[in-house]
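There's a structure below that I have some questions on.
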């Protein structure tokens, strides 16, 4: 069916009055949007605010969304505009080119300068999530790990993965699902400790 | 589809998530990485979001690339400027201004030499750039290999490219000025490789009627200007020459392109007229240096993403005969 | 059912199944958690978690104060708040560089060289963009970059025309 069609179905549900469906879209795009906006917003403590504002503006504009473009393209446009408004309102400029020089960051973890977080709490949680996910990945049987890597990191379709791994699409589907379930189990305790309030 | 799978399979024979560069399929040196990257750009389906910055200017774009039976198709659309889409096919480039519903088609020369002479070009690069491997890095969540191109002279800029370990796609590209400070970069924030990109995805939103604006290329005219260009700045060679009818210009403009394999300098020669387009002397258009001078009734402009000294050298190396002239 | 959530996350599900599943997803809390967890895993693997945005609960709270959308196709929303008005854009964006509101434009922002260089157009009416576009087709780096290379000339053109 494709990501675009899934998004469109969710959007239609929001347009018919289901706010929870919008929450699902938030969960899908919040981090990708945050990554994009971080190139515009110099203060990492503000990235979350700008991202949140983007989603609210998108919700308000959603009645007028017509599927002429993909939802995420439309969302990103709103995000960039929101980030620019935010800069203008604070008499700021977008970060200049020099701030993204890969050589200023350390080796493998560099490239995209990992920003300092807004609170030690969120920093700790994010670090733990990443560590837990990575550890769980390492323990996965190779076929599960390959399948989920090709899907999540390389963004390949089930069909392409099936051709790559020389197995039926159904096997790919099942491997990805099982990989996710294993990792999700590892994540639950981490999330539960952090989120009396949240998760 | 087979072509895509063939090349993708080759690239991923080693575990795709092997973050080291020690596998059989990985290139051995910087030049090898550049070759891999050039191939990947043509041979893979991909779509992504990238941010282009120079100075404080930024522009965010979405790109789709599709390889199919009829060749390559590419879509570049702006996410934050005037709604604008560029479609590139193997025959032409089409520019769409969505607000004004204007379409301009620019044919690519049928003897577009770049793909054909590509391997020769790549190795020529080493004559004028030191190509070295940098550390591993990460962009858009994908591990990549930094390749550093350092010019051996002051006629061109340095560049740092970061090339995806698995796919070979260029994830990040920085141009550095003579003080080794980045003046512009291009970075992917999201990239999905492979998958089924439909033609309708490429041409989305471009149906209906468009006001057609003519391209400036005049394929029927031959060059008519008598001139010499010497000495040719080191490392550059001519790759194309054509005539163009530029808007608002009463006479056609001669357009020549020189390249060192990585960057290009364009030379425009036209009879000087009443409405000058370019400022005389040295100027800039974003990160492009421009140098314009007048000689014997002709306006000569050199421009390119090169240091000022280079465009000066190009423009000053041109010697012309006067319009009434007779010499060779 | 849970395996279907995994498929939905990947967009690898039939249209009919998706409709049904989404209905379930919106009311079943446990399924909703799966959706959230699977996306969290994907974002973590893609290193997106550098930018923590645990927003869905915050936003859902905020959305409770927002009007529920009804009959979307009949609503006519005013566009202006989505985009900076053209006039505002011009004030803010001059000759390809950002200008701090209230400050004066300085053309030499890009620091190509130590001198501040004037803009290449001979006068405000001169249009150099066709020359830049003609140039951009032949940049060899486009072999590696693909169409991204066009951004250099069209970005300048777009800026100048505003």
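General observations
A, B and C are the chain letters, set down in written order, and residue numbers restart from 1 in every chain.
We take it that a residue touches a chain if its C-beta (ideal position, glycine included) is under 8 Å from a C-beta of that chain, and two chains touch if they have at least 3 such contacts.
Remember, it's a predicted structure, so these values are computed and weren't measured experimentally.
Judged by contacting C-beta pairs, the busier of the interfaces A-B and B-C is B-C. Relative to the centroid of every protein C-alpha atom shown, the closest chain centre, again from C-alpha atoms, is found for C.
Averaged C-alpha coordinates put the centre of chain A at 14 Å from the centre of chain C.
For this pair, chain A with chain B, the centres built from the Cα atoms lie 31 Å apart. Chain centres here are Cα averages; for chain B and chain C they lie 23 Å apart. Counting partner chains per residue, chain A has residues 32, 35, 81, 84, 93-94, 112, 149, 153, 157 touching two or more of them. Annotation for chain C: residues 45-48, 98 touch two or more other chains.
Shown for chain B are the residues that touch two or more other chains, namely 54-56, 138, 141-142, 181, 183-184. Looking at the complex, you find that chain A touches chain B at residues 32, 35-36, 39-40, 68-69, 73, 76-77, 80-81, 84, 93-94, 96-98, 100-103, 105, 107-112, 145-146, 149-150, 153-157, 159-160, 163-164. Residues 45-48, 96-98, 109-113, 117-123, 126-128, 130-135, 137-141, 143-148, 150-156, 158-159, 161-162 of chain C are the ones that touch chain B when the two sit in their complex.
Interface of chain C with chain A (complex): residues 2-3, 6-8, 10-15, 18-19, 22, 25-27, 32, 34-60, 62-64, 66, 68-70, 72-73, 75-77, 79, 81-84, 92, 98, 100-102.
Against chain A, in their complex, chain B makes its touches with residues 5, 8-9, 12, 15-17, 19, 49, 51, 53-56, 58, 60, 62, 77, 79-80, 134-139, 141-144, 146, 160, 162, 166-167, 172, 174, 181-185, 187, 189-196, 204-205. Touching chain C in their complex are the following residues of chain B: 34, 37-38, 41-42, 50, 52, 54-57, 59, 61, 63, 65, 74-76, 78, 81-82, 84, 86, 88, 93, 95, 106, 108, 114-115, 118, 121, 138, 140-142, 161, 170, 173, 177-178, 181, 183-184, 186, 216-217, 239-240, 244, 246-248, 253, 255, 257, 259, 261-264, 266, 268, 275-280, 282-290, 301, 303-305, 307-308.
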